[in-house]
Amino acid sequence: MSATTLTPSAPVQAAPRGPSFAERATGFLKACFDGPLNTAITLGCLAVLWFAVPPFWAWAVTNATWNGNAQACREAGGACWAFVREKFWFSIFGLYPFEERWRPATMITILVAMVIASTIRRFWTKWLFLAWAIAAPVMWMLMQGGILGLPYVQTRQWGGLTITGVIAVFGLALGYPLAILLALGRRSELTLVRWFCTAIIECVRGVPLISLLFMAAIMLPLFMPQGVTIDRLVRVLVAYTLFTAAYMAEVVRGGLQAMPKGQYEAADSIGLSYWQKMRLIILPQALTITIPAQVNTFIGLFKDTTLVVVIGVFDFFTTLRAALGDPNWLGFPTEAYLFAAFVYFVLCFAMSRYSQNLEKTLRPESR
Amino acid sequence: MSSTTTAIMPPSRGIIPLPGGTTARGLLIQAGLLAAVIALGWWFWSNAQANMARQGLQFGYGFLDRSAGIPIGESIIPYTPADTYRKALTVGLLNTLRIAIVGIALCTVLGILLGLARLSTNPLLRGLTGGYIEVIRNTPLVLQLVFWHAVILQLPSVRQALNPVPGFFLSQRGVKMPALIADPALYVLLGTLAAGALGWWLLLRRERARQVATGERRSTLAPGLGMLLGLPALGMLAGYVPTVEWPELAGFNFEGGLTLSPEFFALLIGLVVYTSAFIAEIVRAGIQSVHKGQWEAARALGLPPGRIMRLVILPQALRVIIPPLTSQYLNLTKNSSLAVVIGYPDLVSVANTSINQTGQAIEVISIFMAVYLAISLVTSALMNWYNSRVALKER
Amino acid sequence: MNWKMFAAAAAAVVTFGAGDALAGRDLDQIRARGNLLCGVQGPSNPGFGVPDAQGRWSGFNVEICRAIAITIFGDPNRVQFVPVTTQSRFPALSAGEVDVLSNNTTWTLTRDSNVNRFNFPAITFYDGQAIMVPRRLNVTSARQLNGATVCVQPGTTTELNISDFFRANNLRFTPVVIADLDEIRRAYDSGRCDVFTNDFAALAAQRTLLTRPADHVILPERLSKEPLAVTIRQGDEELTNIVAWTTFALIDAEEMGITQANVEQIAGSSTNPVVRRLLGVEGNMGESINAARPDFARQIIRTFGNYGEIFERHLGVNTPLGLERGMNNIWTRGGLLYAPPAR
């Protein structure tokens, strides 16, 4: 391995208003072909591209079927995007009653609007917390019904991308306050409080999420008195919230520890109580500087919503897999998996880019 | 579980006092918490006992000695359905450890390679690796596992098994390879190998001390390799030749030899590919964190590039790399529980079946949670120990 | 935030049920709610219950539930279908998330006993665990399967039965244990296993989803008895009667030769008192089991036909499942279907 291939901080992006196109092109070619090793690497990469891209393109675009039925797909021989089209709404709404589909659709709309609003820094005030606190129960009641003349739809009939969104959002909305409490508790001077919070955080982080899901699905009902049952989706949310809280708590703790001691002392010196100090001085700063880390954690948690498959909840991915069992559309798993991968990728990649941008914009201010 | 996070753990900065500290109010809060925890625990416990009694169950670990009756597809130790639940769960645990250990070793290697490729001066390689890493990191592991399982099931059937090397068969039933029979000759072979390795290590230590004292470098390759290969060869010449069992096609399947199942491979590939993408980013960040001046200084000293990496850059980068790498190792181990999705009989999957057959949910879940906690603690302890060694070399 | 909504939400997620049901309590609840919550195998079970793109269900088990809805409400559409899985079905029934399970649940002692507190008013399908193999293996009996790799779903009696069967016959096998039925079918389809074992009807249903269904045979051995019945909670005699007599009406109608096509004509012309009582022309059968209308059986048969017609429509030889009537034939034709008379 030559030293040149390992030069740190390789400039990935071109400088603004840099060299001309011709200069960049020659620079690129030079970087690709200086020395025998580099040339070999370049040729290797080109070979990989040559063997991967044209066949994939032929399958996914040239020979693909966008309209029609399974028979048309089999005749064309390429990707069967018609299958994805056919099952698209099913993968969004799952088995939610057909006539009531406007309700999950509205819920998703509210959800998307709230998420977009939350990404705008101007809205980062306590009102955002309040908005979420109101929106979350409203979304739940809209889905569940049973009031205001909406027919009751039990959570077992929820499914698809809707339930993925519900789990991720409610897990975060419920887990976030808990995470703050746990993080504060872990840094508390009260020994018992500290032990208790540390034990919860470490125990939850030390075991796989699916063991927590099993615990919620199988053990939690055993812990309830006879005759009291907790809705299955709520049990899933209990496990997922606990999981979110434990991971977020460590991120928040990082923020608390990064606060200069002077901030604490200044707050004490003007006579603020513990909660006033935390609420007005420490937490706003500690939470803000850790937002990129929070987003990164949330990406992981969002991908983990797929694990609910182990206890039979039909989330987006599982719903798509269930659609593979349609006797009229047998044999298109690759299309289904690619579509699912695409949706998760778009959502997660957008979040990670957002977090990277935030990191850049937040840095000069917080130091 | 499979989260992208690496916990932020700056050095502890002292504890922020709650109002009152150990004053009356502080004591009151703690007493309240303790009472609440005990009350909740007691409430759960009494409900659980009542519920189990209604189902004709009794809390206890006695069921572990009952015959399990559940079939398990693959096991390192001999197992039949007539064995006890204790044995079945042990089989599951060993399968978890097997996938975790092999997975950690492989994902470290692949992760470092990808991380270096990501830093290459070659824009094509850098771009390709970057795209690959982003795709892997931003799709759920469950999806990838299901994908790999489907890919492996596309391999030829048993009867048309690929036979790349004599004795090795590759089919949708997994990999079949020759096995060594556990007899005295095998122990002699293992013993001589270990002795050879120990000898090489001792030699290496002596030569390093010598280099520090005299500045002279001598290669240990020839005598080291001689010991590593020569000692087992002597053993074989003395008549201790291990017996090899070759796989043969008989009836429905191959008989004899060692089997690595498709589920094992799908899980291994899935975990390694997924985790190595995260490790690549950790390695990249670690190497980038070493100041450019270190490269220039090392080059000015006339060190060859390979040794700059090994002696100057890596030791410094490791300090940044080790803590997040530890969380990735733990993530891989915990993620191995997704085996249940594709049917690899790991601890969680055997435990889940045991719960269904016995109804002893609390006991079984407590067992596997305790096991995972123990694995996490041991891994953390090992990595912390390694980290402290790396840190000590600092200056 | 409105506190009433909060209370409603809390009440909806945590259900406080009484320990023991009073007679008729479940039925009263169903009537008050205005629809029947029917648990069916999710996400789908070919022949027995399959949702279409709009989420509308059809299949054998689905029509049984619709028939029960006719008995209760006089309306086959007053049913809400709730998908449940093998693992979640009993908790769902105990918790009241469903009123009835019509999802191929086997009637066993433990489930019927005071421990689990379920009730099985009537058997709708006689089944047994079976073994499916690819035709090209030329296997005719399960005893030829020494050394085979077996695909099996964990956590059910299926897993224990197959293990016992191989042990009893002194055969060896390698299990491949996957919880998800779709995943395990794909594993078998690709050739990962030589053998796929499950209840016979379920195997036949899974066979329709294989790449080449005709290339697979189900061996004649039955490893177990699996009487599949509609399942309800214990303690509601009225609902028990309604479920039982809905099923019996379907079976009796077939025995008497009453079909969807001729039911009206027979009701108008028959002089046979048993037929007249069943179809509600005379007597008070509907009233005696608390049905919505006296001629509930007539309405059921007019809507769906008799047991045989429902069977043939969804499971029979002319469907992808291609099941013979076998044990599920009327007793007079060598089957086990023998319903009490409507008198």
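Lettered A, B and C in written order, each chain numbered from 1.
The criterion applied here is as follows: a contact is a pair of C-beta atoms (placed from the backbone, for glycine too) under 8 Å apart; a residue touches a chain by one contact, two chains touch by 3 or more.
This is a predicted model, so every value here is computed, not measured.
Farthest chain from chain B, judged by C-alpha centroids: C. Chains A-B form the pair joined by the most contacting C-beta pairs. Distance between chain centres (mean CA atoms), chain B to chain C: 45 Å. Taking the mean of the C-alpha atoms as each chain's centre, chain A and chain B sit 25 Å apart.
Here the spacing of chain A and chain C, counted between their Cα centres, is 39 Å.
Chain B has residues 54, 146, 150, 340-341, 352, 355 in contact with two or more other chains. Residue positions of chain C with contacts to 2 or more other chains are 87, 179-180, 183, 186.
Contacts with at least two other chains are made by residues 221, 226, 309-310, 321, 333 of chain A. Every residue of chain B that touches chain A in the complex is listed here, in rising order: 1-5, 7-19, 21-22, 26, 29-30, 33-34, 37, 43-44, 47-48, 50-52, 54, 116, 119-126, 128, 134-135, 137-143, 146-147, 150, 287-288, 290, 292, 295, 299, 305-306, 308-309, 313, 330, 334-335, 337-338, 340-341, 348, 352, 355, 361-362, 365, 368-369, 372-373, 376-377. Looking at the complex, you find that chain B touches chain C at residues 54-56, 69-73, 81-82, 146, 149-150, 153-154, 157-158, 172-173, 250-253, 255, 262-263, 340-343, 345, 349, 352-353, 355-357. Listed in rising order, the residues of chain A touching chain B in the complex are 1-10, 12, 28, 31-32, 38, 41-42, 45-46, 48-49, 187-194, 196, 203, 205-211, 214-215, 218-219, 221-226, 243, 247, 250-251, 253-258, 261, 264, 273-274, 290, 293, 296-297, 299-301, 303-307, 309-310, 317, 321, 333-334, 337, 340-341, 344-345, 348-349, 352. The residues of chain C lying in touch with chain A in their complex are 1, 5-6, 8-9, 12-19, 37, 42-44, 46, 50-51, 53-56, 80, 82-85, 87-88, 91-92, 94-97, 179-180, 182-183, 186, 208-209, 211, 320. Listing the residues of chain A that touch chain C in their complex gives 86-87, 89-90, 93, 95-98, 133-134, 137, 140-141, 144, 146-147, 152, 154, 156-157, 221, 226-232, 234, 309-312, 314, 319, 321-322, 324-327, 330-331, 333.
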